[in-house]
Structure formats: structure tokens, C-alpha cells
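Pasting the structures here.
What follows is a pair of complexes built around chain A, which joins chain B in one and chain C in the other.
Then we have the complex of A and B:
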């Protein structure tokens, strides 16, 4: 696994990510804290992959294959998304 | 026990705490609602309050009768006399006290109230005092549960040099019975000290402010150390007094384990609410144990555990309805509603302390 900064995030928040309840509508609920938020289809897919994978390269690979998005934009958005998630996942 | 043979659904149940000011409601109305909505319940609910404007006294859909009680400051003798009078009118089987300030009097009077034919599920006086604010730290430590750093003071001069003694602002200034505020500097702290001391007396408690999420749990202690029917809630919106205006069921294993330890250590008997803070490191700090159902108890019923009903079953020594681990994500949103009171009812409550009897 590479030393990508997001791998550290995925490892650190693995348990918290796994407990999230994801609805296909994009509604996300944390049963431990009662927090809820909404994500777009790409964010939802990212969360689903993050619940299964701890390797950011594999996640990126699957997102790039599924969504019309460049690697640069995905990298930027993924980092921003992880920062937002840190605020919810304690 | 006099009422042990009576079926739960035929009981006459008196409930205190019928006050329901929108910013800080008492639990009584919610407890009555939990019982009234049990389809097989055919008994009577008697609302007991302390103020002529307590709405639950007049809510005919929830209470069959309403009576005023003397304030706790009037003394236990007056309370017992009033209960004797009400008992002659209503033949109450079970009393559910819902306010902190009356629990000690109810414990003192428990035997005499039982002689009237009224049963209650209460902790002992010793159990109640272990969770007093000035002893909570010591008790919680013995149960392996953290509390915020706390000290007791009798002079406001503490606030001018407390930073030299390892304290830092903001900190929490609390009364020994009720009321608390956050002070960001010595001036605010001194103001809070005098305001709280004037109402609730000395000493004043000073506590380290724990920043994080407040999480609450309600349940029933069986008196043997077991916590029954736990329901956990996180506030989603609060009133200016910090009371829940909206809240959601959660499943927080850390909170549950801490509450189980506390109930086991206390061998708590009766309803309770455990209030804790979870800080950013995931550590839990006990803030308070309230010796009663919380005002948000209807959420417990709505999420599968009708704890007031379970309390009646326990008191009647009957098999308990199934208790569940409530699913996280059930939300309540509180709202205010006007209760319409006829002049005859208002006059009767003002003059006699009871709702007018309907003449058919």
C-alpha cells in the first residue's frame, strides 16, 4: 500500500466509516453520534468503497472507471471530502 | 404489597411534574402520554403539579384529574396530608415522582405513602445522595467512570487566581442543586457565583468545561445492579436553557457501558437519566445522574421501550413486556401547543387546587 496521506485517514477512521448507514438517496447516518449529512452520487460511491477498502489507489481506480472525472479533480475532491468527514467522524 | 394483584392496565397512576414550559418542560406530561397510549390501559391517570399554570393538570386527554401539591419547601408533613386528601378522592395505586426536588421527600415518606395504599419505585436515600453533585466525582471514580475536574468553593475570590492553581477559562460554575453557566473570564464567573448562590445557596461547584457532544441515556434500575431498557439520545437542538428541543436515538456503546457501571455500583432502583459528555478524544465524562425519567421519555416509548409502562409492571411484580435495543435514528422534535382551560377549571384549580369535577 502506498504512503498516500489518505491511506492514513482510511486506516484511522476505518471503524467509524464502517458504522455509517448509507442510503441510495445519498443520506448518510451515523448511529453512534446521531449525525446525518447528504452526499452526491460520487460521494456515496466513495463512502461505499471506503467502507470496504483501505487503499486509496484502489478506490481511485474504481471511481475513475465509473465516473467522468479526471484524476486531478478526484484527488482534490477526495482530500476535501476526507477533511469534511473528519468533522463528523469522532 | 396492596396493589400486587391488580392488573397493570386497571391501575390508577399519579404522576408529578405536570409543568411543561417550552424552554424547560417537566417529564410528567410525557410520562402520562406513554401510559395513555398503551391500547389496553383502562386505568386512570392523576396529574400532580405545583403551579396553577401547569398544563398537564388540565389536559383531559392525558389526565383524568389534576391536583396541586404543596411546594417541597412547605415540608413533608404538608405533602403527606395533601396526598392523603388526594388518595381519599382517587384511590391511587402507584405514584411516579418526576421532579428532582421532590424525590428525597418521597423517600422519607415512602412507608407512610405505602400505608395509604400507594407504591413507588425509588432509590434509597443513600443511593440518591451518592449521585449528588458534590459527591458525584468520588462516586463515579469508584465506579471507574470519569467526571470533569471539579472543586467546591464558598468565596468568589477563587476566580481571580484560579489560573495559578491549574484552572483555565472557560469553566463551568454550578449550583449544588440546580443551575449552571459557562464563564469565560473572572468577571463572568463572579457574576454567576453570586447569581447561583443567591438562589441555591452555598457551596458553589466549579468544573472544568468538557468540549464535545452531550449524550444522554434513560432506563430503569432493578435494584439489583441491572440497567433495564436503556434508550440513548443525542440532542440535535436545544432551548436557551440547554434542554433538548430535538433529539435522536443513538447507539453509543461507551455511554451504555458507563451507565451500566454506574447502575451496578449504585444498585439503582427506579427510573434514571445519565448525562455524559463525549470529548474529541472519545472519552466519556459523567455530568449528572437524574433520579427520574427525563422530559424526552416519550422518545423511549416511540423507539420501542415504554419505560413508564415497564415501571408499572415492575411495581406490580408482573412479567415485563419485551424490552429492545432501540434502533438508532428515531428523531423527536418538540413543539409548543396551547391547552385551553375553561374559567370553571381555572377557578377550581386556583381556589381548591384541583380540577373541577365534570357534572354529567
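Then we have the complex of A and C:
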């Protein structure tokens, strides 16, 4: 069985994700590039979890417990979010 | 045991801050949404008639034409509006405008036949355009429609027909000239500067059966500077004086064509539409003021007052119709922008090639607006509804209202790859009628016939 694509992402980008400064209003700052971002509340939730966790199953578990959403939609949206992050976190 | 209340999920998204760059997408559209059209919920319309869906507001259409008539008639009379069929020739649209008093302006045998079939008398039809074959000219001469002569071949043919039918026929001469403000439309009608127009007027003057009664010109479309019309009216009136002196012509009408801009945003224009599009009063002021000045002397000589004919198309119908389209799929582009596949593209919203249509969502959307591309459903690179717009994240099934969509879409749309959807009209009492049903396979296959030997016996490769 091949690795979940998000686990790949999480281990590859673990350092870049950890260095991000987040605040609760959704302001994100990347000290490596000097670039700042705005992230929406669900994106912020995911970022916080990704800074702590490298296992996508554990992140999904947390989100599914808190949000009114199916595992399928979460997977799709999480994948798309990771593609966005991949682009910004060089 | 109490169940924990779950929070609402929103598609996660992150947007980089762009410092010091001007916002080239215009105002973000969040917060500004359309739930109803003339009292009818968008969601009900989609449930009942499907997506995509064109929706016409009868009230808006009537308000627009009334407002235009008021703007002109309060400054000059008599004014005739002739509805430019090519702008939108749905019977329901044409009939509404005919109820408001508009004549028909047609440019082909098809449009002429459509107007006649709808019940427009021939004498209330103005026939423009460069393509009029003998058969339709014969019909126009017999029935008494007003032909706007485009070229010398047409002039000679029409003269022959009028003589053959022994019918004295009033005609209008289409003119072209440079206004200094608009693009050159010299391929239609007779040029003033070259002398071709005067030659044609003299030729008509020598005819036993043609009577030159009208002058027409159409100086272009989406004209943002009313002074173009001032030059137009001055040139047309100058020419009228000349030919009334040199021939026996007595002109009864000056037809200034169409061209008033609608509340739509041309691509490449960075100013808000409201700032660049003149009001109807501004157009009317310039046109009526110039016409009164240019014809004062003529009236003092006791000649009858000229009818002022307007053929405004897009300014009348554009904002009375919208296209509702739904999100089929979302896709993050490699460059980071959000994009969506919509169920309507340039096949239906043909004018997306040159306008940036307004886009409104139909429910309040959460989330931060970000740069977004709206694609149509065709597998063609050119199928783009909006190249760049700020929108909050959308979900599959969300609908958007694209406007204005009333001008040149229901006539220039294509049956390409997809069926064309239904068009409904919302009436003033909020009742809804289907004014053109959605296409079906049988409709399209109905045009075709399959030679017998091609019917079946397919030998598909394994």
C-alpha cells in the first residue's frame, strides 16, 4: 500500500510548516521569505494541527470530531490546501 | 448524553498579501449577493428549470425602454424606437418592446419573417443590413416595409422591383462618415465624404418609383462619448439640406442607429462602469439639442418635423437579463489561483469575449476573497467567463449570477458541445414563464438525416 499523499507532504514540509508564525485572526508570517498571508479559520485549524502532527490520520480525526464534514470532503479540501501551501512554502 | 455541536466547515484557503499592488480585480464581491430576481428566489428557479438558466426581468425591460423614451420625448418629438432584433430576438423580448410602442429593426430575411410572424405590420419594420436577396426585397416592396439601402447593387435591384410591381416605394439611404470619435463603419451604406451618398440620392431622385424619405446611419456600438452623436446629427442634417436642394427629396426621418452603452464593463477598462457610461439624459441632451438646432431653419420654412428614430439595442435589453450558472468543480491552478468549472461558458455567454460581467453569488459566502478564474464547461482553452475576479471560496453546486446578459447572447450563443438551456421571464407579478425551453437531443438530431446505408452495421475495433 502506498503512502497517503498528505503524509508525504507533511514530512517533506514539516520544517517549513513549523517555522510559520500564526495568530488567531488568521495572519500568517513566513520568517524565511518575509511573505505574509491571510488564512481562513479552517485553514488556520489545519495549519495548527500540521505544526504538531505529521500523521494525516490523526489530523483528520481531530477535524472530523470538531467539524460538520465528511471524511471525503475533508480529504479533497485538505489535498487542495496542501497544493496551495506547497506553492507558497518554497 | 448531549451531542457536541459541530462547527461549520469552510474550504481551507490561504492568500498571500500583495503589498503595494493596486487591486486590479475591482471591489471584492463578498457580502453582495442576489437571492431573488424580481421577487423569485434563485434557488427556486434553478430547482424548477435547471442550471444554467437565463432569466429575463419583464419589469426591467419595460422600465428601460420607458426611461429612454422619456429622456428623448421630453426634449424632442416625435421619437420612434425601433427594436434591433439581432440584439435579442426572443419573441417574448420583442413582443414586450412592441407593446411599449417600439417598431422592429431587422437585418435579414430571417429577422423580417420573425417580426412579421410575431404580428408586426410591414410599415413598422425598418430593414437594414448588407444582405437582401431579390425574394425578400420583393416581399418588402409588396408589403410596404421601409428598406434602408446599403449599396448600389441593392439600389438598382430595388428600383427594378418597384417598377416591375409598379409600386411607389419610400426608401431610406444608409450613410457612413467619420465622426472623429468612433471606429470607421464605412463598409455599410454610402460614404458622405467621397460623394457616393450624394450620387445615390440623385440616382434615387431620378427614379420613377423610389422616393427618398429617410436618412440612416449607425456610427458604432458602446459609444461612450455623446459628442460622437452631435457630429453624426450635424453631418446627417447637413446632407439632408444638400439633397433637399439638389433633388426633389423630402426627408421625413433621421435614424441615428444604436450604440448607446449599457452598464457592462468592457475588458481593459479599469474605471467603474458607472463612471464611464453616459446616462440616457446625457445622450438625449446632445442628440435632441443638435437636432433642434440643425432643423430650426427647415421648420421655419414650413417643412414637416422630422421623426427621430433610435435603434438602441444593448442599452435597452442588456441589464434586463442575467445568466445563472453553477459550480461543477473547483481546481487550484499551478500558479496558486483558485479556479472553478461552471456549467455555462462562452457557448452561452458569448459576450464574455469582450465584457467583464458582474458576478454575484446567491447566498452569503464565508471566507476570504481570493483571485479566481471562472471557466466554462467546454474543453477549449478560450472558454473563460472571468479571467480574474476576487471571490470567496465556492463549493460544488453554488450558483453565480452573471450580468448583464441580455444583449447579443441569446442571438450569438452557440450550440457547441452542450445543449442550450431554458430562458425564463419573470413577470411583474412574480409569475414565471418559460420563453424558450431547453434544447433536447431530438431538437438537434431533427435537422439531420442519415443515409440508409450508414444506418447501423458499425464495426467497432476490438
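By definition in this document, the second predicted complex is superposed on the first by the 88 of 90 C-alpha atoms of A that agree within 3 Å, B and C clash if a C-alpha of one lies under 4 Å from a C-alpha of the other, contacts with A are read in each partner's own complex, and residues count from 1 in each chain.
The rule is short, and it goes like this: a residue touches a chain if its C-beta (ideal position, glycine included) is under 8 Å from a C-beta of that chain, and two chains touch if they have at least 3 such contacts.
The structure displayed is predicted, hence computed values, not measured ones.
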Combined model on chain A: chain C and chain B, fit or clash: fit
First (chain B), second (chain C), both or neither touched by A:31: first
Which superposed partner A:68 touches (first chain B, second chain C, both, neither): second
Chain B versus chain C as contact partner of A:41, first or second or both or neither: second
For chain A as apex, the angle formed with chain B and chain C - C-alpha centres, to the nearest 10 degrees: 80
Partner chain(s) touched by A:80 [first = chain B, second = chain C, both, neither]: second
Partner chain in contact with A:21 - chain B first, chain C second, else both or neither: first
Partner touching more residues of chain A, whether chain B or chain C: C
Three-chain overlay, closest Cα atoms of chain B and chain C, distance in Å: 6
Sites on chain C touched by chain A in the complex: 4, 6-17, 330, 332, 334-336, 366-368, 393
Residues of chain B touching chain A in the complex: 212-213, 233-234, 236, 247-253, 278, 280, 282, 328-329
Complex contacts: residues of chain A adjacent to chain B: 21, 29, 31-34, 90
Residue ranges of chain A touching chain C (in the complex, touch as defined): 26, 28, 35-43, 45-47, 65-69, 73-74, 77-78, 80-81, 83-85, 87-88
